[in-house]
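What follows are several structures.
After this come two complexes, each holding chain A, first together with chain B and then together with chain C.
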Partner chain A sequence: MIEPVLLESTTGLFDGGFKLIPALTLAAMLALFLGVGWFFRVASVDDMWVAGRSIGSIENGMAIAANWMSVAAYLGVASTVAFLGYFGLAYVVGWTTGYFILLIFLAAQFRRFGKYTAPDFVGDRYYSDLGRAIAATTTLLIAFVYIIAQGNGLGLMAQYIFGVSYEVGVVLLMTITIGYVALSGMLGATKNMTFQYIILISAFLLGLYATGWTQGWSTVLPFIEYGSQSTEIATEIDRQFTEPFQDATYYHWVALCVSLIAGTCGLPHVLVRFYTADNERNARWGTVWGLVFTLLLFLGTTAYAAYGTLLYQENVGEYTEMTGTEADTLVVLTAHLAELPDWLVGIVAAGAVAAGLATTAGLFISASSAAAHDIYTNLYKEDASQREQMIVGRLTILGLGAVVTYLALNPPALIAEVVGMSFALAGTVLFPVFFLGLWWEDATREGAIAGMFVGLFFGFGSIVNEILPQYVSAISGDAIVPAFATVVPATSSSLVGVPAVMLTIIVVSMFTEDPPEDVKRLVRQCHSPKPMKKMDSAEDVATDGATPADD
Partner chain B sequence: MTADESPTTETEERRFETDGGYDTVDYLDEKIHMFKPATPFMKDHLKVIWGLFAVWMLFTFGPVTATWVATDFMTSTQVLGFQLHYFLTAIGSPVGALVLCAAYAWQRDRLDAQYGVDHETEAEAEAEAGKAVAADGGEQA
Partner chain C sequence: MYDTILIPTDGSDVAENAIDHAIDLAEQYDATLHALYVVDTAAIDIGLGTEQVQRITEGKFSEMSELKARATEATNVVAERAGDDLEVVQSIEAGQPHTVISQYADDNDVDLVVMGSAGRGGVRRAILGSVAERTLRTTRSPVLVVDVREDDD
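And now, the complex of A and B:
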């Protein structure tokens, strides 16, 4: 499934050179984001990580949706739907229905547990610094893979807006993102997220509505009005557009969908949003709103895929010949091919950049907190000062930024596929640990550690299996072990991985000593119906502030 | 899944203070096991969770499975101009998830009302806990 992406486009999208109005639009957006970031600039380490936890449900829903709406959702899903047909819909289904699992099984319990990050949760629930370190490493890996895709999308958009080469575009926009994150921290980012959501969804829908109107394809609800276009492509041009199981089997479809769902529940930068709502009820309704806001994007993205494909067929050539780069820019390309004015296409492109910025910011924060909090302070230097932690956090952002920028210069797969891999990784390694940790009090430290190793084998192993041959020419073929790639694809490792990890945790837990009583009380507190004070964690209520015995 | 050890005297001392009303159960002494809910609240909550989860399975994997089983029927039938399989997958599943999320949030509100849980008081308690906030956060760092 995973093929290297050739950076070519014959659509003329990148031929216009430097475009003043789109560039100014983007500059204005970024100036506003940085301005807001400056206004809420970092005051203390706590502010940087959880934004003081005080946001209502609609606002929090927008923040959840903004976190969600990365370059992958904005550009990538339309791309996979156009490029891979019915198989691409697994991205739409996985990334939306996953909210429900998150809501019913994890959101409230996680919030009550009161830990900001995946490593904190694993460290405290499984009373283990090794567990914390594995979770922190996983968080770094997830952020790492995810940001590569964002860099890819940002570079493509810079190419359109500034008329620079792809490479210059990646470096330019990644530099801006890193500068922005390091300055504003999460408080700024949170306030930005609501704001960015509004900018972003407006930009996205503007292009969709304008295309639908000018082509006479849709009126007020393009989300459900593209049926005849979609069917026309499938029946009159080429069946590929909607043909089920042409690009992938039923097994692969379900495996991908399950991985994206599990990933939704394991992705650290989404989970952190449940702490920013002001009470549990608002956290629940915030999730509902988050899905409403996300649907505007995901339902729109399939409409874009249909419109874009039809326009491509009319103006460029056979849509089945579309290159990966063309597919990855399809949203902007649609507006371009519909002959909408440059400023409007520019706004759509600027929205994609905003999407990349918002998500990348959240990921950099997750990564820096994993490195500063969980690896540096917990394992290396117990008494690290806040200042030291801040420095480590920022250095992590810079280092990570440099490496992913380099890798984004040669993207290993389509944008959505790369993001899918990071979701599969989160789903396979972290989801089972969260799920069993919150729903079965007898899950032990040894079980969790063994489980996470098994998870890394499936989750990260499958990625290495398919990606390494692209960077190391000595390895021929599509994968190191083709049979492994067939059963456990890199974007879809959770269908096999999650049951394997859960089984490992359960079996090992049954043969190892039960968790200490105070840890069990933590878990019980997470399921109690009693409201807790907003800032309380389960630990405070269950143990009156004492730390777990083995910590 | 070993037998629960009885709470030690130490934890006995830490027992959460009851304020009468809904918490006649001490939630900190009841085992958490997904398939063996120990408190009435958990039993009711899990009923809601599993019920909606079953519907979710149908909404999420139903369309793709139906397409796999009855490919010709699903691709030749049309709804709103869409082929049925495409409509159910691209629009049906996501919107279904939204309806289920709202249904769950609503059911939880109902359970909260039944068990006398009031989230509005959280905000007030919060104001008093201002100092504790900083202390708690500091401990994480």
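And now, the complex of A and C:
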């Protein structure tokens, strides 16, 4: 399934050289992000003790969507739909369904837990430093894999806008991103993420509407107006475009879909937003709005794929011979092939950069907090000062940034596939410990640790199995163990992984000593049906000696 | 001369190195001692997550029990060392340390700020900066900087 990506294109998308207006658009956008961040930076807090105005659920939803939607959603999904036809729909279905699980089982419950980082939950719930260490390491691994794909997308956009080589593009935009995050964190967080969302969705829809309009294909709702175009592709060009399971098996489709659902519920940089939602209602509605804002983009990606395929067939050649790079730039390529003016194509490309920037910043921060808070402070040096933590965090961002930039120069797979791998990793290793941790009070420390090791075997093992042969020439073939790759594909390890991990947790928990009573009370309080007062955390209620609500 | 003395502390050895100087001066002048812990929002952003900065600005610091405990512990050290004879006011605020220290000094008519410094130089200073140095440049109050380095170097 995983093919090395060849960086070549014959469409002329990259032939335009340096483009002044798109370059200025991008520069203005970056300046706007920095300006908003500078303006909203926290120089001093007027009242940190009395709750004041908080972020509303719509704004929270936009922040969730901006954090969650990356270059993979913006460029990658349209790319896989065009490249693999029906198979690409697994991304659309999986990535949106995940929100429902999040909404029903995790969002409000995480709000009740109310700590700081995702590994905090594992460390506290499973009363285990080792558990915390594994969760923190997994968080670093997820960020690591995920950011490689972002670097790939950013590089392609820089290649179009600045007319530089792909490698220069990756280094250029990644350096800006890493500098932006290492120096100043996420700069005015929620405000900035809201901006990033508005910019990326406007850019995305502008390109879609303009293409549909100029080609006479769609008017006000391109999301549902591309039917005749996709029928045309299916009947006249290539049956595979809408034929299910032509390019991949039924098993593979379901496995991918399940992995993306579980992954959405296990991503550390998204879950931490729920810790800080004003209240449970806000956490829930934030999730619903997040889904609405995500759908605005996702419903458009399939339309892009249909339009792009048709334009490619008309202007370039057989769409079935499209290269990986062409597919990965399909959203921008569509606008380009529709002969939209350069400034408009530039805006579409800048939107992709906004999508990449928002997610990359969130991932870097989840990595730096896992290193500074969970590993350095909680496990190594209990009394580390704030400045020491900041230094550890910054060094993590710089170190991780250097490695991912290097690997993004030679990406191992299509953008959506690489992001799929990091989702599968999150879904296989973290989702089961979160889910059972919140809903089953008898899950024990030993169970969780054993479960996460099993998860790493499936989640990370499958990635190594398929990626290593690309980098180590001594290993021949597509995978180290081809049979393992067939049953547990790197992008889709959760279908096998999640049940295996859950079973491990349950079986080991039954044979080990029950968790301490205070942990059980905490878990009961987290999923109790009785509403909690706005400011309480589950821990307060549980330790105040009050009767847990459902006892 | 000095009726109100401010000692900012982050609980580190560097900061606590200055406490004895502040206490001695406070005893001389019978001054009130203010122990201030600044929750550094930039450090929280990188080290704990951006959402947590949001939480502080929304006034929910009381929820963040671990951070509160750490801050209280740092200001308690000052109160303990000062003993019963001196009046010690303990405060916790959040923001950029030097901005908050300077603002706190203005708001509370502070006559002298006593703070520690790691005495970093060269490249390390350029990268890490120095809260003491930035405070010097921001505040109009007199500042006594106690260098943590021993004389024998």
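Rule of thumb we're sticking to: the second predicted complex is superposed on the first by the 518 of 551 C-alpha atoms of A that agree within 3 Å, B and C clash if a C-alpha of one lies under 4 Å from a C-alpha of the other, contacts with A are read in each partner's own complex, and residues count from 1 in each chain.
Throughout what follows, a contact is a pair of C-beta atoms (placed from the backbone, for glycine too) under 8 Å apart; a residue touches a chain by one contact, two chains touch by 3 or more.
Since this is a predicted model, take the numbers as computed values, not measurements.
**Student:** First (chain B), second (chain C), both or neither: which does A:Ile365 touch?
**Tutor:** second
**Student:** Does the superposition put A:Arg273 against chain B (first), chain C (second), both, or neither?
**Tutor:** A:Arg273 contacts chain C only, not chain B.
**Student:** More residues of chain A are touched by which partner: chain B or chain C?
**Tutor:** It is B that touches the greater number of chain A residues.
**Student:** Just to be sure I read the superposition right, which of the two partners does A:Thr214 touch: chain B = first, chain C = second, or both, or neither?
**Tutor:** So A:Thr214 meets neither chain B nor chain C here.
**Student:** For A:Asp383, select first, second, both or neither according to whether it touches chain B, chain C, the two together, or no partner.
**Tutor:** The answer is second: A:Asp383 touches chain C but not chain B.
**Student:** In the overlay, answer first, second, both or neither for which of chain B and chain C A:Ile391 touches.
**Tutor:** A:Ile391 sits against chain C, while chain B stays out of touch.
**Student:** In the superposed arrangement, which partner chain does A:His373 touch: chain B (first), chain C (second), both, or neither?
**Tutor:** Both: A:His373 reaches chain B and chain C.
**Student:** Is A:Thr302 touching the first partner chain B, the second partner chain C, both, or neither of them?
**Tutor:** Only chain B is touched by A:Thr302; chain C is not.
**Student:** Taking the contacts chain A makes with chain B in one complex and with chain C in the other, which residues are shared?
**Tutor:** Common to the two interfaces on chain A: residues 45, 50, 114, 116, 278, 373, 377, 386, 389, 535, 537.
**Student:** Residue numbers of chain C touching chain A in their complex, please.
**Tutor:** Listed in rising order, the residues of chain C that touch chain A are 10-12, 39-66, 92-96, 99-100, 103, 128, 131.
**Student:** Hey, which residues of chain B end up touching chain A in the complex?
**Tutor:** Those in contact with chain A are residues 1-2, 5, 7-8, 11, 14, 16, 22-23, 27-34, 41-42, 45, 49, 52-53, 56, 59-61, 64-65, 67-68, 71, 74-75, 78-83, 85-87, 89-91, 93-98, 100-102, 104-105, 108-109, 111-112, 115, 117-123, 125-126, 129, 132-134, 136-138, 140-141.
**Student:** Provide the residue numbers of chain A that touch chain C in the complex, in ascending order.
**Tutor:** Residue positions touching the partner: 42-45, 47-55, 114, 116-117, 182, 184-186, 189-190, 272-273, 275-276, 278, 362, 365-366, 368-369, 372-373, 377, 383, 385-387, 389-394, 397, 535, 537, 539.
**Student:** Over in the complex, which chain A residues touch chain B? Could you list them?
**Tutor:** Within the complex, chain A touches chain B at residues 45-46, 50, 86, 89-90, 92-93, 96-97, 99-101, 103-105, 108, 114-116, 120, 223-225, 227-228, 230-231, 234, 242-245, 250, 253-254, 257, 261, 278-282, 284-285, 287-288, 291-292, 295, 298-299, 302, 373, 377, 386, 389, 439-442, 510, 514, 517-518, 520-521, 523-537, 540-544.
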